[in-house]
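My questions all concern the structure below.
Labels for the chains are A, B, C and D, by order of writing; each one numbers its residues from 1.
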Amino acid sequence: MHRAALYRQLAPATWHGPGLSPANRGICLLILFASLVAVLETEPTLRRLAPKTFSILEMGLVTIFVLEYGLRLYAAGENPRYRGIVGRIRYVFTFWALVDLIAILPFFLGFLSFNNAFLLRLLRILRMLRLARLGRFSSAWSALADALSSRIHELLLSVGVAALLLLFSSACLYVVEAAGQPEAFGSVPRALWWSIATLTTVGYGDVTPVTTLGKLFAGLTAVAGIGIIAMPTGILAAAFSDAFQNKHKTPGEREWNDPTT
Amino acid sequence: MHRAALYRQLAPATWHGPGLSPANRGICLLILFASLVAVLETEPTLRRLAPKTFSILEMGLVTIFVLEYGLRLYAAGENPRYRGIVGRIRYVFTFWALVDLIAILPFFLGFLSFNNAFLLRLLRILRMLRLARLGRFSSAWSALADALSSRIHELLLSVGVAALLLLFSSACLYVVEAAGQPEAFGSVPRALWWSIATLTTVGYGDVTPVTTLGKLFAGLTAVAGIGIIAMPTGILAAAFSDAFQNKHKTPGEREWNDPTT
Amino acid sequence: MHRAALYRQLAPATWHGPGLSPANRGICLLILFASLVAVLETEPTLRRLAPKTFSILEMGLVTIFVLEYGLRLYAAGENPRYRGIVGRIRYVFTFWALVDLIAILPFFLGFLSFNNAFLLRLLRILRMLRLARLGRFSSAWSALADALSSRIHELLLSVGVAALLLLFSSACLYVVEAAGQPEAFGSVPRALWWSIATLTTVGYGDVTPVTTLGKLFAGLTAVAGIGIIAMPTGILAAAFSDAFQNKHKTPGEREWNDPTT
Amino acid sequence: MHRAALYRQLAPATWHGPGLSPANRGICLLILFASLVAVLETEPTLRRLAPKTFSILEMGLVTIFVLEYGLRLYAAGENPRYRGIVGRIRYVFTFWALVDLIAILPFFLGFLSFNNAFLLRLLRILRMLRLARLGRFSSAWSALADALSSRIHELLLSVGVAALLLLFSSACLYVVEAAGQPEAFGSVPRALWWSIATLTTVGYGDVTPVTTLGKLFAGLTAVAGIGIIAMPTGILAAAFSDAFQNKHKTPGEREWNDPTT
């Protein structure tokens, strides 16, 4: 295959058809499959059931990804910026090339033997970072980021209000509940756990106030939690509504979230 | 009764009055009643209380539905496409005729004797599929589907973001909580149960992190959960707002959710 | 005091100043106070603390409300429709006059002696119905009802979708969890309790699935719950947005939620 | 340094560059740091770890804040309204000067010895009031207040509806559940704790109804809770949408939430 044809297959921006090229579509599916394998490998019952299968699958997938990395490096020469050895070194340090490299590395770290269970778990999880590679193929992310960044001031302000409410309700509960439940409300940082579960309306119920005054403050916190949900939702609804209407009025503009652009 | 009059009574699109024809209105009520009977039959105390009533009711309802099916098959001849025996066979394989048939079948499966309690429960539940028949009489479904499908890219993107957050928070909790609570956080798939309860702000509280680091990640997950609720809500609000305003501006267009169209 | 002046004080629509007349403002405060008394009276520790206070307060409040009822009946003669004895009888059967009467009745029922604790509690609660009298003084209710009724089709549709999801998730959990937890999932009606807590994202956690398949269905239910919250919120947001913008464009129209109209 | 230069550094409105002046930026960071110290000081394990560090940090921070207060008092003379001794006294009683003073006071209260643990906790929490000083530097607060106050009628109405639902569901649960669970549902005020947790969809699960009728009312309350979340969210979404569109149409108006104005 010619290098130019390979380049068109691998670089999403150079593909003229709708969506992704066949090669990139295959790579996306492989990344999703590899992530699924990484998720399932963390389950001890599955590891015990088929101890060999996972290491064979892992080896096969990494071989493909190393091959893909090599082909990308070779095809990058089509772009004048990455021509020659100096250009290739420059390519290796581009954002997505680094992401590709980092996605391969955890496999090789696996040859080191870890006695620490925590590090072993961390290593297994690192394999899921492959999912980040999907970002290369998606222009939708940037459209989403545009919508969010247009209202970043308002969203940050509501985060600030939420943080103040969080601190304030933790402080109130600390003052009235610390005597009865020192483990859960013995300090403001400890009370934060209850406070965040209440303000986000998650409400685990593992820690709840028992005094009347504590329940009163908790009720006010829960009501404030509705505001904490309503504000960002309202801001996002307004931002999306704005974006949709701009699209209607100015059809010449860049399409919203169109994955082919 | 003439076949033409019967056809007008049974086919929703041929009825010229507002809403549904008297015959179809009766069928809708019978479907709702039959579904209620199917729901109540699952309750063992009610089954013990009136062991005969349910089977008699069931038999009566199925008799009516079989009769209705026969009448629909006969009346279908009014439509040139379904004339003659070949036309009737073609009618039997249309979408809604198949739904009508499937809604009757579970009754006849009931004559087989099941020793397996799981299959018996599954069979009882299949009777509730009759509710799907209501879809034939409702144009509102398609209007709803229109509104959702106009923003399907944005909604799928927020589902994708939610899936990534789900995986990411499960992975974090797995790393820090697996040692202390292997049953609940011993693998990424196990941690998903906690993660989904937190991100959707359901928060059962049957499983909660106990380490400080785990609580920190859990708090971040709960805050992210607000975003998971805010994004689709904002997108839907913008889509509905858009649809309502288009309706205002172009009164000649098809009415939104008008059940008579 | 002249009957005409009394009528202007008591009938909200005839008061020309901003807001409510001094007499009606006082009555509103009394209604709120009487409701607070009724709420606090249900608490046994408070009843034991001051057994006399509540009955004296209650008697005083009812005396005022009976007096108010008499004055309203007398002043109603200012309106040509309610003149004379026949007119007064017609007034007694108007909606708000009936509400006023019903708000007084529970006091007189209190003279009957109840041995049944349930009926006694029900009687205490009936006193809170006085709050309904506030509706007479608020035009905001009708504005709210307008906004909701303009999108009633869409809201009913989302209620219908919610009901189907509720039934469907209950049925799934019944099939897979009935064997292990017959008390909580032994029938579809029993599973509804879990299902409603999950779909509304309340998540008490008193009942949770334990099998893997049950947890899978529960996760899907929780995700569907986000849609259940997002749909009515989106519809309401669009309806309010519509209403606000119509107000901007047509300043001559009736003011939105203005309590003085 | 000239008094005029100092005044420009300290008074946010007189600074001509974008954002805050270097001096005010430093003060903001110090306030955040001092609040963090106050939060961490409530944790007994940290107090035991470094008993001296906290009092030294506290003393240093207060010294800086006292110095800042003095400099603000001195620089206020640049403003004709606060010139001379009479003007300075007038300055001391301005809103933000009082906030600055109140933020310093808790430190000096710390020299009094408290034997009461509750008062001691309250005193520690008072130090967090320093955060209120940040309000001086943020024009975003007023923009947020504008948006909220433009829809205050609608928001108050939804608070009223929420309060009525809260009372109504508490009353229902009190009637049907008081017999079985007198501790949790023995009076309307007691049932409020369950009711608020359900209506805000927090759902701790520490108190749940056990009777069939109680579960039915609880289910209806949970569904009503969705409305309680949807209404303010819808109102806020519409208000923000309105505000964003006005900004688009009239570019000459004051910028929305722009911290530099």
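Quick note on the criterion: a contact is a pair of C-beta atoms (placed from the backbone, for glycine too) under 8 Å apart; a residue touches a chain by one contact, two chains touch by 3 or more.
Just so it is clear, the model here is predicted, and its values are computed rather than measured.
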Per Cα centroids, the chain farthest from chain B: D
Equivalent of C-D within the choices B-D, A-D or A-C, defined by over half of its residue contact pairs recurring: A-D
Interface sides of chain A and chain B: same vs different residues, half threshold: different
Mean-CA-position distance for chain D and chain B (Å): 44
Approximate Å spacing (C-alpha centroids) for the pair chain B, chain C: 31
Residue list for chain A, restricted to those that touch at least two other chains: 201-205, 229, 233-235, 237-239, 241
Of all residues in chain D, those that touch chain B in their complex: 201-205, 233-234, 237, 241
Residue numbers on chain C that touch chain B, as the complex places them: 153-154, 157, 161, 164, 167-168, 171, 174-175, 178-179, 186-190, 198, 201-205, 208, 215, 219, 222-223, 225-227, 229-231, 233-235, 237-239, 241-242
Chain B residues within the chain C interface of the complex: 35, 39-40, 42-44, 117-118, 121-122, 125, 128, 131, 140, 144, 162, 192-193, 196-197, 200-206, 228-229, 232-241, 243-245, 248, 256-259
